[in-house]
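Have a look at these structures, which come just after this line.
Across the two complexes that follow, chain A remains constant while its partner is chain B and subsequently chain C.
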Partner chain A sequence: MKSHGLKLAVAATVGLAFTAGAAVADTPKSGGTLNIVVGSKIPSYDGHIESTFGMIHPIRPFYSTLIRVNPDNPSSPVDFVCDLCEGSVPAGAEGGTKFTFKIRKDVKFHDGTPLTAADVKATYDKIVFPPEGVASSRKAYFKAVDSITTPDDYTLVFKLKHPTATFIPAVAMPFNFVYAKKDLDANGYNWHQRNINGTGAFTFVEHVAGSHVSGKKYAGYHHKGRPYLDGYKAISAPKMNVRLQAIRGGRADIEFRGFPPKARDDLVKALGDKITVQESDWNCVLLLTPNHEVKPFDDPRVRRALSLAVNRYEGSKYLSRIAIVKTVGGVVFPAHPLATSIEDLGKTVAGYNTDHAANIKEAKRLLKEAGHPNLSFTLHNRGVDQPYRVVGTWAIDQWKKAGITVKQWVQPTSPFYATLRKKGDFDVSIDFNCQAVVNPIADISKFLPTAGNNYANFADTELESTYDALLKAGDEGSQKALVRKYEKRVLNDLASQAITLWWYKINPHRSYVKGWKIAPSHYLNQALDNIWLDK
Partner chain B sequence: MTTAEPFIENNKIPDGKPLSVRFGRMVRAQPLGAAGAFVVLLMIFAAIFAEYITPYDPENSSYEFMLVGPSADFLMGTDQFGRDIFSRVIFGARTALMVGFICAIIGSSIGLVIGVGSAYFGGRIDLYVQRVIDIFMAFPLIIMALAIISIFGNGTDKVIIAITIPFIPRCARVVRSSALAVREMPYVDAARSIGYSHIRIIMRHIAPNVMAPFLIMLTAFLGEAILLEASLSFLGLGVQEPTPAWGLMLQGGTEYAESAPWVAIWPGLAITIAVFGFNLFGDAVRDILDPRLRANS
Partner chain C sequence: MYSYLIRRIFMLLPTLFGAAILVFVLLRLVPGDVCDLKFGGEGGYVDPEQIKMCREMLGLENPMYVQFYEYMKGFLTLDLGVSMWTTKPVTEEIAGRFQISVEIAILATITSIFIALPLGIISAVRRNTWTDYVIRGISISGIAIPSFWLGILILLGLLIFTQKYFGEPWMPPVDYKSLFDDPAYNLSQMVWPALATGFRYSAVATRMTRSAMLEVLREDYVRTARAKGLIEKVIVNRHALKNAMLPVITIIGMEFAFLMGGLVVTEQVFNLNGLGKLLVESVEQADFTMTQALVMLAVAIFVVANFVVDVMYAVLDPRIRYG
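And now, the complex of A and B:
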C-alpha cells in the first residue's frame, strides 16, 4: 500500500511539475473544443439568483463581469483585474467610499448591442437594489452601497455609506454577470433565467436539457486574441462515476468542481502523466439548516443538540478518504487569518469540543429538556453525490448515535432549490456556503437572517447589528472580535445553522488542458478564455 | 365435476401419498421451479429473521473499518461508511421483498378487478378501459415508473406507487383476455338467466376461473418489482440512504469498483439471484397452472 501510495504521489507531483514547467515555455495554441463534465443541472441561467456550479460552469463563459479574480493568479484573495472596465481596478476615493470604474468602449453584447455604463448600472441595480419580489442572492454583500451612478456613457460610480474591505471582492464575484439594460427594460428581471445575451468569450449555441450546453468562440470578444478554444461543451453528468470515467475514457477533458481522493488515485493510476492533478483548500462548506418555522426546530436547544451530535473530528479523519471534505472550522474559511482556531471553537461553540462523548451527553440532555428525547425528522438533501449524499448519510449516522432517528429525502437540484426557496416544507436541510472570492466578511453574510440565500427562516436583530458593525470595522483586531461574536451567535447561541466540514478541492484533468489554474473555489476562473488545448 | 378426475389422472398426483413423496415428485417434475422456490423461501426467511441472522446493525457506521475486504469479521466486507455489507444485503432482502410483494399484490389485484370488470361488462366500458390501458402500456415499465417518481418524488412509499401503477394495466389486459372466454361459458349464461347480480357472477363464476393467469402475473411481477426497485434506487430515485437496499448499495459501490469491488458485487449478486429465483418460480407456477402447458408436458 505504501509503495502504491508513493507511486501515486510521485505521478501526481511529476504531473504538476511537468505542467508548471511546460506552462512557462508553451505558447497557447488556438482551436479545439473543450469538453467539460458538470455534476449538476441548471436551475436557471441567471447568475444573480443562482449559487450553484451547475449553472456557473456551463453558463459563465457567455458572460463578462465588471472585474474578476486574476485568471493567472486565482489563488490570491486580493489579485483582481478589470474585465469590462479599463486599466486597473480602482482604489477607493473619498476615504474609501467612492469607486469609479471606466468602462471599456470596445465591448458588444452577442446580439450586437454596444455595452455602456448604463448596462453595468442596470445590472448592479438588479443585484444591489432588487425590487420587492425579485431575488438577489448576493444583495447582502453590497449592504454598504449607497448609490450607483453613471456620470457619462463610460463611467460608473459606486458610492458607499462607509468604507469596507468587502466591496471590491464582492464586485469580483463571478456570478455578477453583466446584462444589457435593454434586455432588462424590455423583458423584465426574470428574462435572464431562461435567456442568454452576454459579452463573454463564447456565444450560446444550445442547451439540451439533461444533456449539454454548448458555446462557440465569440469573434468580437473584448480581450483580444482570446478565447483560444473554438468552443466548449458542458456535458451534464450527475453521477460522479460517469464524470470520472468520461475523463478516463477521453470523452471529457476536465471537471471543474472536484473529485474525492479515491477518484484522483484511480485516474492517476490508470493514466499516469496523461493526467495532471491540481489541489487546493476550498472556500466551501455544507451546512445543516433547520427550518425554524417547523417545530421543534424553533427551539435553540434542539438545534444545538443537532450540532453537538456531529463528530466533526472523526468526520475529518475518515470522510476525507471518500469525499471532498476535510477541514474542521467555523463560519470563516479556515485558512484565512480571520478564522477562529479549533481550540477557541472548542471552548465557545457547541459541537467543537474534542470530547465527543460529552457532546453526545449534552445533546441528549438538551433534547430531553426540550421535550424531544426521541426526536425524529427528515433530512432534506440534494441529489449530488459529492459531497451532499456522503455528508447527509454521515450526519444521519451521527444523529442516530445520539438517539435521533432521521430519514433522508433527496431531490434533484431544481426541486431541491424550489423546496428551499419557495415551498419551505422541510425539517432540516443540507445547504451550502460556497463562495467564490475568499472574502470572509462577505462570505459569512450567508448566515444573516435577511440574506437572500439563508433558508433557516428566522429573524435576529443582534446578528444583523453585529454584522453591520463588522462591515464598518477598520482594523483586523476589531474585525476578529466581531467575527467571534457573530460566529458564536450563529453556531452556538442561536444554533441557527451548523457547519459540517470544509471542502478540499482536487482537480485531475487531461494534461493537454493548459492555461487553467485551480482556485480555492469551483466558481472562480470559469470564463474559459485562458484555456487552450495542447493536442 | 366431470373434469376433476381426469385432471388428477393426467397429473399423476394420487391422493393419500405422504407429503415428502409428493414434494419429491414435484421437485423432480419442476427442478428449476423448486430452485426458484428455494430462493424465494430463503429471501423470505432472511427478510423475516434479519435481526437474528445479521452480526451488525446495517445502518451503523464504523469508520475505522471503511472498505475492508471480506473476512471472518465481515463476511462480505464493508462499504465506504464502514457498514457491514452482509448485514445490509440481508436487510436489503426485506426492502426488496416488501416493495416486491406490495407492488405485485396491489398491482395485480387492481388489475384483476379492472380486467374482469372490463371483460364482463363489455361494450363501451370495455372500449374505454382498454384504450386507457393502451395508453399506459405504450410506455416501458421503467419509463412509466420514472415519470411517476418525477411527479410524486422519491422514497420507499413513492417507489411502491411508481412500480404498482404500471403493473395494473398489464395484469388487467391478461386477465381480461381470459375473462372474455369465461364470460361466454354456459354456466355464466345460466347464472345470468337465474338473475344473479353482477357482483355475484363476477365473484363466484368469473374471477375464480381467471386465477391461473392472475397468479402467473402475480409471480412474474414479484421479480420485476424487485428489479425495478433496484433500478430506481440505483438511479438515486428510489430508496434513500441509510436504508439498506440492493440498488442503492450497488450505486454506492460503483465508485469503488476497482479498489473495493465487493461493495458492488454482493448487492449485484443478490439482485441477480433474487430476480432469477422469482422468475424460475413464476415459470413453474405458470407451467402448473396453464392447462395447455400442462397438457404438453
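And now, the complex of A and C:
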C-alpha cells in the first residue's frame, strides 16, 4: 500500500517535471481540437453578471479582457499583463489615482468591427456604473472608480477617488469580457446573455444546451501566432466520475476545476506517463463561522476555543491525502506577499501554535472559564463532499479531543444558503471564501461584519476602520501592517471566524496537452490561446 | 367505447391539476432559491442588491398566490415560461433533451422485447428444466441489479478491456450528436445505456411473459389444439402467445413511460443529456419553472401511456369492451 502510494507520488512528480521541462524545450504545434469537461452548467453568456466557472470555462475563450493574469506565469498572484492594452500594465499616476491604458490598434471583434477605447469604456461603464435595473456582479470591486474617460480613440483613463491596491487585480478579473459598444447601444445590456461577439482567440460555433459549447480558431486574433488550436469543445459533465473517466477513456483531454487526490492517483495508476499532473495552492478557503447571536458563541472565549482545538498542521498532512485542502494560512492567500507567515501566525493568532497539546489545554481552560466545559452544538454544513463534508467531519473529530460534542447538519446548497442568509438559525457553520484573481485586500472583505457574505452576525467598528484604512493604503509596507492588525482582530481577538485549511488544486490532464499552466484559481488562465496539442 | 374514451380524457385533467399543485407547493417548501445559487454558489463576493434584483426579475419576490396564478396561467396556455437558471424558454430547453430520452426509451424497449419475448416463451414451454432455471436466474439478476450500477460496470469494463487488448482505454462519447447527423457516433453513445436499462426492463418483461404463457398454456383451448394434433410451434405462436400478450403489453407500456420520463441516475452515469439529467440539475439549481415543467411532462407521459395501454387491451382482446 505504502509502496503503491509512493509510486503514484513519483509518477505525479515526474508528470510535473515533464510539464516544466516541456514548456521550455518544446515548440508549439498548431492544430487539433481540445476537449474539455466542465462540471457545471452555463447560466448565461454574460460575464458581467455570472459568477460560475460553468460559464467561464466554455465562454471565456470567445472574449478578451483589458488586462489579465500572465498566462505564462499564472501562479504568481502579482503578475498582470496587457491583453487589449499595449505595453505593460500601467502604474497609477497622480498618487495612484489615475490609470491610463493605451488600447491596441490591431484588434477586431469577431463580426469585423475594429476595437477602440470607446468599446472598453462602454464595457466598464456597464460593469462599474450600471443603469438602474441592470445587474453587475462585480460593481462593488470598483467602488473607488470616480470616472472613466477616453481622451482619444486608443486611450482609456480610469480616475479613482483614492489610491487602492485592489484596482488592478479587479480589472484583471476574467469575468470582465470586453463587449462592442455598438452591440450594447443597438441591442441593450441584456443582449450578451444570449449572444456572443468578442475579440477572443476563438469564435463561437455552437452551444447545445446541456451538452457542449464549441469554438473555432479566430484567424484575426490580436496575439499573433495564437491560438495554436483549431478549436475546442467544452463538454458539460456535472458528475466528477464522468469527467475522470472521460479523461481516462480519451473523450476529454483536460478538466480545469480540479480533482481530489484519489482521482489523480487513479488516473496516474491507469495511464502512467500519459497523464501529467499540475498542482497549486488554490485561492479558496473553508471557514468556521460561529453565529454570534446564539449563546454561547457570543463569548469570544468560546469562539477562540473552537479555533484552538483544531490542529491545522495535522489536518494538512492527513486531509491532503483525501481532500482538496492542504495549506495552512491566515486570512490572505498564503502565496501572496501580503500573507502572514506561519511562524508569525503561530506567535500572534490562537490555533496556529505548533504545540497542539498546549492549544487543547488552553481551549479547555477557556471553555471552563466561560462556563461551558462540556460544550455541545450543531455544525451546519453544505452537502458537497469535496471538501465541505470531509473538513466538517474532521473538525468534529478535532473538537471531540477538546471535550466538545458536535453533531453535523448537512443541507443541499440552496437550503444551505437560505439558512446562512435568511434564517440564521445555526450554531456554527462551515462557510467558504473563493475568489478568482488573487486580490487580498478585496478578498478579505469577507470578514467584515458589514459584508454581504459574512454570516457571523456581529458588529465591530475597529475592524471596519482598519479595513477602511487598508483599502486606501498606498504602499506595501503599510498594507502589510494593516493586514496583520485586521487578521489578528478577526482570528484572535474577536475570533469572529476561524480558518480551517486553504484549498489545493490538482489538475491531471493528458500529457499531450501543452502550454497550459495551473493558476491559483479555476477561473484563471482560461483564454486557451497558449494551449497546443503534442499529438 | 367512444364515451369511455371521452370520459377517460376528462379524467386526466384533475390528475394533472393535482400534480401541478403538488409540485408547486413541494418545491417552495424547500428553503433557498436560484438567485442564492447564481450569485453565491461559488463563494465569491455576494452583492445583496444583485440577489434582490434577480429575485424581482424572476418573480420570486411576488406573494405565493401570485406565483401560483402565473404558473397555472402559463400551464393552461401552454406557456411554460423561462428557465430560472438559463433564462431560455423551458420548451426550448426540454425539446433538445426530449429526443435523447425518446431515443433511449425506444432502444431500451427494442432491446427488452428482443430479449424478453423469446426467453419468456422458452422458459414457459420448458418449465422446470435447466433452461428455465437459467432464464429465471438471468431475469432475477436483471431485477436485482440497478441499471445505473450495471451502467457503471459496463463503463469500467469497457475501459479496462480496451486498455488491456487495444492498448488505449475507450469509453462511449460523453457529448451528443444526433442520430441523423452522425449515426455511428450516436449509436456508440446510446447503445450502452440502452443495454443497461434494457436488461432490467427485459427481466421484468421476461417474468411476465413466462407467467402469462404458463397460464394460457393450461387453458382448455390449448389442450384442444394439442388433441387436434397441431404442432407445438403453431400452438405456442398462434394460440397461446397472442392471448398471453395483454399483461406483457401493460408492462412494456408502463416501462416505456417510465423511460420517457427520464432515467435520472443512468443518464448521469453515461452523461446523457436527457430529461433525467435536466431534472436533477433543475432540482439542484432550484430552477422552479424547469422542475415544474419536467415533473408535469413526466406525469402527462404516464397518464397518456396508461390510457394507451387501456385502449390496446380492447384492440388485442375483442372480448374487452368499455361501456
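One rule holds in what follows: the second predicted complex is superposed on the first by the 331 of 535 C-alpha atoms of A that agree within 3 Å, B and C clash if a C-alpha of one lies under 4 Å from a C-alpha of the other, contacts with A are read in each partner's own complex, and residues count from 1 in each chain.
By definition in this document, contacts are C-beta pairs under 8 Å (C-beta built on N, C-alpha and C of every residue); 3 or more make two chains touch, one makes a residue touch a chain.
Small disclaimer: the values here were computed from a predicted structure and weren't measured.
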item	value
First (chain B), second (chain C), both or neither touched by A:Ser445	second
Most chain A residues touched (candidates chain B, chain C)	C
Touched partner set for A:Ser64, first chain B, second chain C, both or neither	neither
Which of chain B and chain C A:Ser51 touches, first, second, both or neither	second
Which of chain B and chain C A:Gln408 touches, first, second, both or neither	first
Partner chain(s) touched by A:Gly392 [first = chain B, second = chain C, both, neither]	first
Doubly contacted residues of chain A, that is, touched by chain B and again by chain C	238-239, 415
Complex contacts: residues of chain A adjacent to chain B	238-241, 244, 260, 262-263, 265-266, 314, 317-318, 321-322, 383, 385, 389-390, 392-394, 396-397, 400, 407-411, 415
Contact set on chain A toward chain C in their complex	37, 41-44, 49-53, 133, 135-141, 193-194, 208-212, 233, 235-239, 242, 245-246, 248-252, 270-271, 284, 412-419, 421-423, 432-436, 442, 445-446, 451-453
Chain B - residues contacting chain A, complex	59-61, 63-64, 66, 80-82, 153-155, 236, 240-242, 254-259
Chain C residues within the chain A interface of the complex	30-34, 36-48, 50, 53-54, 85-88, 92-93, 96-97, 155-156, 158-159, 163, 168-176, 268-271, 273, 277-278, 280-281, 284-286
